[in-house]
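Just so it is clear, A, B, C, D, E, F, G and H label the chains in written order, and each chain counts residues from 1 on its own.
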Amino acid sequence: MSAESPWVGVIMGGKSDLEHLRPGIDVLKELGIPHEVRVVSAHRTPDWMIQYAQTAESRGLSVIIAAAGGAAHLPGMVASKTLLPVLGVPIPATVLNGFDALLSIVQMPKGVPVGTMAIGKPGAINAALYAASILSLKYPELRSRLGAWRQARTDEVLADRELS
Amino acid sequence: MSAESPWVGVIMGGKSDLEHLRPGIDVLKELGIPHEVRVVSAHRTPDWMIQYAQTAESRGLSVIIAAAGGAAHLPGMVASKTLLPVLGVPIPATVLNGFDALLSIVQMPKGVPVGTMAIGKPGAINAALYAASILSLKYPELRSRLGAWRQARTDEVLADRELS
Amino acid sequence: MSAESPWVGVIMGGKSDLEHLRPGIDVLKELGIPHEVRVVSAHRTPDWMIQYAQTAESRGLSVIIAAAGGAAHLPGMVASKTLLPVLGVPIPATVLNGFDALLSIVQMPKGVPVGTMAIGKPGAINAALYAASILSLKYPELRSRLGAWRQARTDEVLADRELS
Amino acid sequence: MSAESPWVGVIMGGKSDLEHLRPGIDVLKELGIPHEVRVVSAHRTPDWMIQYAQTAESRGLSVIIAAAGGAAHLPGMVASKTLLPVLGVPIPATVLNGFDALLSIVQMPKGVPVGTMAIGKPGAINAALYAASILSLKYPELRSRLGAWRQARTDEVLADRELS
Amino acid sequence: MSAESPWVGVIMGGKSDLEHLRPGIDVLKELGIPHEVRVVSAHRTPDWMIQYAQTAESRGLSVIIAAAGGAAHLPGMVASKTLLPVLGVPIPATVLNGFDALLSIVQMPKGVPVGTMAIGKPGAINAALYAASILSLKYPELRSRLGAWRQARTDEVLADRELS
Amino acid sequence: MSAESPWVGVIMGGKSDLEHLRPGIDVLKELGIPHEVRVVSAHRTPDWMIQYAQTAESRGLSVIIAAAGGAAHLPGMVASKTLLPVLGVPIPATVLNGFDALLSIVQMPKGVPVGTMAIGKPGAINAALYAASILSLKYPELRSRLGAWRQARTDEVLADRELS
Amino acid sequence: MSAESPWVGVIMGGKSDLEHLRPGIDVLKELGIPHEVRVVSAHRTPDWMIQYAQTAESRGLSVIIAAAGGAAHLPGMVASKTLLPVLGVPIPATVLNGFDALLSIVQMPKGVPVGTMAIGKPGAINAALYAASILSLKYPELRSRLGAWRQARTDEVLADRELS
Amino acid sequence: MSAESPWVGVIMGGKSDLEHLRPGIDVLKELGIPHEVRVVSAHRTPDWMIQYAQTAESRGLSVIIAAAGGAAHLPGMVASKTLLPVLGVPIPATVLNGFDALLSIVQMPKGVPVGTMAIGKPGAINAALYAASILSLKYPELRSRLGAWRQARTDEVLADRELS
């Protein structure tokens, strides 16, 4: 399936964000969702960002996951240049521990939404699952895989729930 | 189109949240997206909430918009009982001005995502637009309407951009 | 006394919360309060959570201590399905250091209360002591043990109060 | 029942806190829980506070609800002088909107717990309900009244849940 | 001097920001600094924003003052497309009172700076003064006018400093 | 001078606070200010705290430095039982890094003031200097020593101010 | 006594701060403490501020109360130029409600302390009482007046403590 | 060029701030901007600070970069004594991680602006770049060097943007 053209674009403001995103990328793989991973900096490469956002739909992408830290403008700016659903993952990249990125991503003005996830790794994983949930509208078999993934998590808890 | 069975379920923790959600419901109408609006309280009606979430997919819903204030558990709990994408709108219902609701909605643990929007009315409008964006995967003509809606906003700004 | 059916149910959103709860569980043991310890995830095992909360009273529990991190929904959701007093312990499980969990637990809307404790280990210990305080209404001899425990803490400070 | 000696002591740091507590006092009345209401200032009347806390149990009180704003020391100090369960209600009395009171009440060190409620009126109502929940251990008929109260809230939501 | 081509571009995310910026625009007038005022929305008119930033220098602008509220991306994005100094003014446009805008503007990653001012009107006035300070490098007579403006403020305080 | 009865009482909520207070105690020594150091817990030893505060003036103390973390009630409660000036030092003892202690100490209601210092070690040192400043009213030679101490700090900076 | 040269200097960053300080000035009057009230702006009149601080001691002042809002530099800067005790009152002058002023005043680095009071009016009143407490070291009869003032507040609460 | 008299003064409240400023100083070097680096403490050396600010313009400086932590008064006070543009860099020097310094620097009252940068190292680097941007008004060849520096950062991202 990896040869297929990507359904999800995973982009991040800088290469150092990758460690936070990795667990989410792993979930995309686990669920068999074709994807690409790119560094797209809103501030250092605004033209490339605009181009990425603008061509995303025509290149066949259905969902964009955008992660950034600090004054995290990437998710919102990409959302301003595409009609695809954009998921934002705040990265704890500054001394404010991702709190700045959370507000920069979630407090979008009316008109241009970003679906914001939790700060850091849990948010990266959840962005992947949310992308799967969105794509399930189009690819019903993905919903089964998503359901199975979630059931496995449930079973893990249930199997080990009695501590004393 | 209103006779059609709803694509989007708009739910809120209490009737007083309606004033914050109203502008979002208006956008759903404007975009011609069939929807239903319900009060579903995570804390006062947990069984009804579970039932709502559990039957949402089989009833034909594709997206759920869930709004709540304070310790806003509604979006996350609904997300735990459905594979549909859930959008969370934090409501400024307490003296903490929606900041409590924002953290209660966005900081979901890995495994069960909620696509979180801005606090209050901008978030309600954006949830409607985001729902449209998701539904466009399935209903391509909706993407055109969404594009037109967004273009109209752009044109509004451009028409009136020179202040002095 | 450990053979007795539990008076207190100690539940947590994930196994990794156990390290924060351990000192509280030790206090329950020290005070001779029969208890059980379970993993109950609001988001990964909502059905098991509902069942746990719903049957708690009939199984003989008198108090529930519920700990969770991030968007900590466990204490509030359990409280929505039982009339027993629920104590909430915010766990510092995210980069926001338990501040998110504190607001998610304490800012419950009117109608469904959670008695919220401090973030992390001090909160876990205090939840155990608070459970003892509640149970003392029914088991007066427990109040003496609680009083002795508190007196011992007082004596510790007094014995070592002169530093220079 | 009002002639009975009080089961719950409702105390507050200043008379101006009464407006925030009133809805909680009304719930105590509704549930038929004998109670007293007093102004007890930790800072202006420390001796009276100590005396209040110290004699609470012998005077027949079973639960204390303590409300305070700003550097809200009342709940924690009362808790240091009694083994009864103390419920703390943060009052939004300063420009920080009760956020200061919340942290001053909830972040108690290990050894002396306060069961903290939401800021302001929702917290006052919930303190009353929580007191009822605690007292139900001793007065089982109160649990029925509490259950009926909660059921009425559930019914209210269900009766009016369909908005459009 | 108003016939001269503008030295300072004052831009804002939406027309409703104008009330907060007005006092700053008045200071520009008072100091005789040629300027233009435009609505430029990062999210609704990204192309116009890019064009504005890209052509600013060649059109003769020397400083850009950019104001925005919520997830305030305008100042940072403009800064990414120009080498001119950009001043950011956080606008209190959401329930978070400009705190979100402050973090979104000031926490820029290394490489693309925004000179951030205080939230709201004081920030708008200071942005104008700061622009004057920068422009004084090129237009020394402006430094005298700026010095006189500041001296007048000093004299105002000194004239009325004895209250009792 | 150490044989003299103490002028300053340094108290702290727990022995673990000592590491934060140590640099302040060293400054008291350096300035030759007779002092005593005690553990006085507001919550674990309320009677001893009341007694300490109540007898402080008659025992010859002129200033009290009180340090505490979390829901830091010690400074405010001591201030409620003495007319001596009380200095409060917030200790970073919880996951909230002393922010909770700061609000619990500084937001005292009208009527009972605490002179609040910075969180942690800088606050401990400054409490000692502030005590010296207060005592200088009574012991003028102390003002000289304080002046010399401050001058030495100034000289240190000036001696080493040119970095490149 | 008002003809006497002032013991306390009350200064504020701007005339609009006076409404917040007024209740504190009234307490100084009530306690018969000679004082002066001045506008001294750290930013608009730095020279006058330095001069005020530098001559305070030689002019006979014993305590300085300094109030300021926003980036409140007045208390700390005055403290850097005098050995007298400086009390800081954070004024809620910006959209951040005095939270900015609180941190700007209290987080002084080691070496130059400011005794910080609560935000706004309670802080203004407490600064006056704290000044009285300091001055009592030198003027013992003031301690009696302070004690009487405090006792009156206690009596007020006690007289009206039974609400129902 | 290092023999030239400095265009930029880099000052900091204490020597320990140097590690945070170093990367910014390196950028000044890289861009060939003559500069000096000094310790100037607002609180420990107020006279030297005033003198530094007052003589900066006549000594040929064009921009001042001022860094400080905690109650960071240095940037604002320097700005009150010069008409040169002052850039403020909040240093994470306390347990509040630079959040205190950010508010102390950015929330300047109207009349005396400070161009505030991000907390810590990113802010230090950006202050250097912003200084370059300001100086480019006077030294056009610097704008080319600044443009090249920024282009290099863009190229770095573009060269390595495809991660998988």
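The rule we apply is simple: contacts are C-beta pairs under 8 Å (C-beta built on N, C-alpha and C of every residue); 3 or more make two chains touch, one makes a residue touch a chain.
Per UniProt, the chains are A, B, C, D, E, F, G, H = N5-carboxyaminoimidazole ribonucleotide mutase.
For clarity, every value in this text was computed on a predicted model and none was experimentally measured.
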> What's the fewest number of moves from chain D to chain G, given that each move must go to a chain touching the current one?
Replying inline: 1
>> As a quick test, compute the distance in whole Å between the mean CA positions of chain B and chain D.
In response: 35
> Taking each chain's centre as the mean position of its Cα atoms, how many Å separate chain B from chain G?
Replying inline: 50
> Roughly how many whole angstrom separate the Cα centroids of chain E and chain H?
Replying inline: 19
> CA centre of chain A versus CA centre of chain G: separation in Å?
Replying inline: 52
> Using the touch rule from the top of the page, what residues of chain E touch 2 or more other chains?
Replying inline: 14, 44, 70-71, 94, 96-97, 99, 106-109, 111-112, 118-119, 122, 150, 153
> For each chain, which other chains does it touch, given as pairs?
Replying inline: A-B, A-C, A-E, A-H, B-C, B-D, B-E, C-D, C-F, D-F, D-G, E-G, E-H, F-G, F-H, G-H
> In the complex formed with chain D, which residues of chain F make contact?
Replying inline: 13-14, 42-44, 46, 50, 69-71, 73, 76-77, 79-81, 93-94, 96, 99-101, 103-109, 111-112
> What part of chain G is in contact with chain F in the complex they form?
Replying inline: 23, 62, 83-85, 87, 102, 106-113, 115-119, 121-122, 125-127, 129-130, 133-138, 143, 146-147, 150, 153
> chain G touches which residues of chain E in the complex?
Replying inline: 92, 97-99, 118-120, 122, 150, 153-154, 156-158, 160-164
>> Help me check something: in the complex, which residues belonging to chain H touch chain F?
In response: 14-15, 18, 25, 36-41, 44-45, 48, 70-71, 94-97
